[in-house]
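Multiple structures are listed underneath, in structure tokens.
Note that subunit A is present in both complexes that follow, paired respectively with subunit B and with subunit C.
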Partner chain A sequence: MTTATLTKTETAGAALPRRRRGDGRVALAFLAPVLIGFAAFYVYPAVRGAWYSLTDWNLLSEPGFVGLDNYAELVGDPLFWNSLKVTAYYVVLTVGMQIVAGLGLAALMHRLTRSLVLRSLLVVPWLVPNVTSALLWMWLLDANLGFFNHLLVSLGLDNQGFLTSPGLAMPSVAAINAWGATGYTTLLLYAGMLLVPRQIYEAAALDGTGEVRQFFRITLPLLRPILAFVLVVSLIDSFQLFDAVAVTTKGGPVDATRVVYFYIYEEAFTHFKMGYASALALSLVLILGLLTFVQMRLLRASRSDLA
Partner chain B sequence: MSAPVSMSAPVGVGAPASVGRRRLRRLPAWICLILALGISLFPLWWMLRTAITPGPELPSDNAGLLPRHPTLINFERVLGLVSRDEARAAGGSGANLSFFLYLRNSVVYTGLITCAQTIFCAMAGYAFARLRFRGRDALFNVFVAALMVPPIFTLLPNFALVKQLGWLNTYQGLVAPSLLVTPFAVFFLRQFFLGIPRDVEQAAFIDGAGPWTIFWRVVLPMTKGPLFTLALTTAVWTWNDYLWPLLVAPGEDTRVLTAALGIFLKQSPNTSPDWTGLMAGSALSVVPVLLLVVFFGRRLVDSIQFSGMKG
Partner chain C sequence: MAVTALLLTAACGGGGGPADAGGVTLTYALWDDVQQGAYQQCADAFHKANPDITIKISQSAWDQYWQNLTTQMVSGGAPDVITMQASYYPQFVANGQLLDIQPMVTADKIDLGQYWPGLADLWVKDGKRYGLPKDWDTIAIVYNVDMAKKAGVDMSGLTWNPADGGTFEKAIAHLTVDANGKRGDEPGFDKTKVAVHGIVPELNDGSQGQNGWGDLAVSNGFTFIDKNPFGTRYFYDSPKLAETADWFRRLADKGYATPYDKTSSLGPDTMLNAGKGALGITGSWMIRTYLDSKSQKFAFAPLPTGPQGRKSAFNGLADVIYAGTEHKDAAWKWVRFLGSTGCQDIVADNAVVFPAITSSVERALKAHKAAGRDVRLFVDEAEAPGGTFLLPVSDHGDEINQIVSTAMEEVWLGQKDARTALTAANQKVNALFSGG
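Let's turn to the complex of A and B:
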């Protein structure tokens, strides 16, 4: 530590002293494990995946080259388009629920308390494995013995098949995952709110601005960059919905929850159409890439107003 | 990290004039907050409550906050501690369940990946942040690009690869794709290493230490805390992982908890699932999570808030 203070003045702000030949060989040692893993389980499978998408393959025989047949099939496959539609519906529902609930909770915490215990408790559902929360909610929403139907009946309402009726299944799945993710979203937004200087609120309070108005006029606009970040993260995350559907509805009733991830999984491992599943997966890569690109462009317009 | 910020008092607290009236006005807000906490935690209570209800009594005893005759039989039977007949009498389907084994597999799977991945990705992140070599930025951009690729695209060929290697239902097949690297950790750690001051490293360099020594003897010990926090997040993700373990290692000896729960549900009759057993198994999968919150609550909360600050 003493040497640190000694040399600080000599090289302050500069990069590590330049070496004549660079650190090529050392860097290779540092990077070796990661490069091996990346080549074997990211690059190589990406190439193979692209190749499979041009073949007809059932996992057992040799893949047979079929050119662009899989892509031609995909364009005319109503289930594929349905899966995209259903996924988009899910994404809008679950991200909407998370952000509205997360904003509300974060704002309440921001105004009321700094309790670490409260924050830790709120984040517990996020730590529960997806499979567990899906099972748990499947039980809570069970048509016969489930707690929620018990509640409905005791309020004088009718039993609902939350996960078995085509209209309710997707909102139910979205709510299940929103339950899991809201605590996480809340903490991200809360962290963002802590960055807003309190003088702004004090000035607003002196001017007689009410709490609700402060939220919409101060908190929300200044939170924009973090809101955008949360939006991107939860959008990409939600596109990968699989666990909850695989446990609760298995794509049903009548394709109402057959999201794209689950559809790809079924094609590959239930129908053993590996080639077609790869074509679906590669299309998803392109779609998500396009979405990310659009989001990046939009994000650029939302730099912090605090900076 | 976020400690100094989170220490500050809530906005507006401590104004002496009308504390009483302010408190009263804030009552509805507090009620909302407590309600949200209830919605977050009640399902978990319901899980435990169902797990300690005797199976045959569940159809008639599924409304109160506590079961009429609490029992541990459901935990005993999912852990494989009672005979098959006893398990069936308590509402089981007769299928063999040994959650001790699945718990062990989950711990091994999570432990191996968390330790190896954190170390290897820290090495790579450090190289990208501090070392100079040709093609560094291009290579790093490849990792960033990999972040955008949905995992299912590589999952299909990886499954084929593991199958061709004859690694289905083995530990090496289970851990292979994530043991060495995940692009997110490389990305995150590079950003992290870029953000820490260079003074100490420079001092060590002046003293004649090479990059290897600097990394292991100076940087790693200095950044233990944040690395541990990242490892916590990795552990949570790995613990929750479902699709990959279900595909490659569904066999009894390598089955992890999440896969076991999915398989348990499949084996249970469709019309009347074995809810008490399922909830007992579910409760077991949450125990480690609760331990994390109890022991490392602050670190977890900080790590999430920290990633928010960077956004």
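Let's turn to the complex of A and C:
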């Protein structure tokens, strides 16, 4: 609103109408590469996807219009609902692990050390490509030949099917990805902590507040905008879980890790039900949009208590 | 985002084989890197005889092969000639992507009798022929020679039944050794601390159980489908199959095999190579993988004889022509050469798979023998009257695969008993056909 009023007042002055128009054109030129890319690789495929979601298309046949049949099928598809359920389970697990571990590490760095080497080391797992880290962990966690089970057995414990038993598979996948993402989350949170003015801590220390209390009373509340940002980003990011599942469990055992992205992929490229897969994908877009909106609202992310 | 990713992937499958200057270049797709050398020799021989045609082999692993193929067909740039598997070809035929070669077969008077009986007809649907056979495979027991010798187990002529497992289960029990050195059939055997499992079964094996449960179920009197190829009714609810599945699950309960949820995801060959198991059930395409192993000494033994005899799955591949190819005549010439002794003898001499032409099979056996590999029993199984069954070929193959393998997983995990899980799966499978 404010900007709109401002612009109006300035145009009313009519001092520099020519230059203004020139600015617009230059701006457009600078924006063009992004806009063209956005249109070609996002808008156009999304619109096509929306159309395909109304068709029966197996990639090789001509897409035939079926109206809302795909969506009707989706509502009654137990595998779709199951995929949403296991995805939600995964998101809660992995985001929870990332944020708890990230907060802990960031707080330690913030209050104890500012070593650049340590900070760089933290992001190393994040730099490992997802597929590589999934493969690595698949071997480490293998039920019979893996290093972790070797350790368990040598300690006199039973070996565990980390990625092959229905109860453990999803937590294992969540842990693998949390391992990869924690370093990045930590850096974001650490950057957020650096924004908190030191004098607040000094004042708190003068009043005799302990480190733990300082963390809960000062760091956490003042970190809220960053936390909200991290939460939203990592939530959307983890909804898109695909590679770790494709590499380690392929959706099994018995649908325990058949997350929605993997399900869409299977419907599209294993069963060649492109129309149905598009309908699934669009539903996911809707769900994600809604989730983000609710989250931003709940966390009042745009407002900081420091302001 | 999700939609974008899908469509981008769909659009990225390009890259066929445009003609180069002066002649035709055909692209030939296959998935087995072990066989690529042999087929390169065929391609060279073919190029020598037809200097104007060059063959470019494009190899991609099994897991990506079918997706690559479909996306390439969507973009119109699929390989001209494609190595095809029987359970995958119906979906390509249904979408009009494969060329009917019957007119060329008739015109060139191709002798279909030269192929191993039953192989050529797998590729006929509604009077149209889509491929010429290239090879076949049968199934056998693979076992660790040293372990069998130490246990004093004779692997030839084993029997099996779903009730007590016959001498096959006795052998498996005796080959199982716990951490204290007690064998699976001795008193005091601790099934919670097993050092070597008697069997490493391949349970996660699609809808056909080619490497184990399928073969034993058929030897127990199970039939997959009412008509093969292209039946429309499956019998996964048969008690014969349920009994077999229950027997396999009991092996884990007794400690002779690893529990399904604690089974390595690296595959039976890795487990056997690591010395964690004594025997497995595998196909003839794995001959080189096992017999050339550096870490263990393996040998093959025939499958056990079930209540209905010894039954091995019998499966074959063929070379097919992409309907959208720009070089139909050249592609046919290449397929004709692949399906002739000219190429199949080369494949035989490389001793990687058993060629489809009967006379070339003897050559393959000779080549194996010269290399010190005893694999005659795979051919014996194929030759035995009534000793083999063809894997079911029908529409909806990939959907059936998912339905049945999920049901089987529920059985292996003990979530449902075999009868319940398989009956439910069979209803879903047959509904695919009634739905049209």
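Note that in this section the second predicted complex is superposed on the first by the 269 of 307 C-alpha atoms of A that agree within 3 Å, B and C clash if a C-alpha of one lies under 4 Å from a C-alpha of the other, contacts with A are read in each partner's own complex, and residues count from 1 in each chain.
Here is the rule we use: contacts are C-beta pairs under 8 Å (C-beta built on N, C-alpha and C of every residue); 3 or more make two chains touch, one makes a residue touch a chain.
Please read all numbers here as calculations on a predicted model, not as lab measurements.
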Classify the contacts of A:252 with the two partner chains as first (subunit B alone), second (subunit C alone), both, or neither.
-> second
Which partner, subunit B or subunit C, touches the larger number of subunit A residues?
-> B
Quick one: classify A:165 as touching subunit B (first), subunit C (second), both or neither.
-> second
Does the superposition put A:56 against subunit B (first), subunit C (second), both, or neither?
-> neither
So, does A:125 touch the first partner subunit B, the second partner subunit C, both, or neither?
-> first
Between subunit B (first) and subunit C (second), which does A:136 come into contact with in this model arrangement: first, second, both, or neither?
-> first
Touching A:113, do we find subunit B (first), subunit C (second), both, or neither?
-> first
Considering only touches as defined above, state whether A:237 meets subunit B (first), subunit C (second), both or neither.
-> neither
Which holds for A:101: it touches subunit B only (first), subunit C only (second), both, or neither?
-> first
Who does A:69 touch here: subunit B (first), subunit C (second), both, or neither?
-> neither
Shared contact residues on subunit A - subunit B and subunit C | 41-42, 45-46, 48-49, 59, 139, 142, 145, 240, 261, 264-265, 268-269, 274, 277-278, 281-282, 284-285
Touching residues on subunit C, where the partner in the complex is subunit A | 1-4, 6-10, 67, 70-71, 73-74, 91-92, 95-97, 192, 204, 258-266, 270-271, 274, 276, 398-399, 402, 406, 409-410, 413, 415
As the complex stands, subunit B meets subunit A at residues 2, 5-12, 26, 29-30, 32-33, 36-37, 39-41, 43-44, 46-47, 50, 58-59, 62-63, 120-121, 123-124, 126-127, 130-134, 136, 143, 146, 148-154, 156-161, 163, 176-181, 183, 186, 198-207, 210-212, 215, 236, 239-240, 242-243, 247, 257-258, 261-262, 265, 273, 275, 278-279, 282, 285-286, 289-290, 292-293, 297-298, 300-301, 304-309, 311
Within their complex, subunit A touches subunit B through residues 1, 3-4, 6-8, 11, 15-19, 22-24, 26-31, 33-38, 40-42, 44-46, 48-49, 52, 59, 101, 104-105, 108-114, 116-125, 127-133, 135-137, 139-140, 142, 145, 147, 150, 179, 182-184, 187-192, 194-195, 198, 201-202, 205, 225-226, 228-230, 233, 239-240, 242-243, 246-247, 261, 264-265, 268-269, 274, 277-278, 281-282, 284-285, 288-289, 292
Note which residues of subunit A are touching subunit C in the complex, please.
-> 41-42, 45-46, 48-50, 58-61, 138-139, 142-146, 158-161, 163-166, 240, 248-249, 252-255, 261, 264-266, 268-272, 274, 277-278, 280-282, 284-285
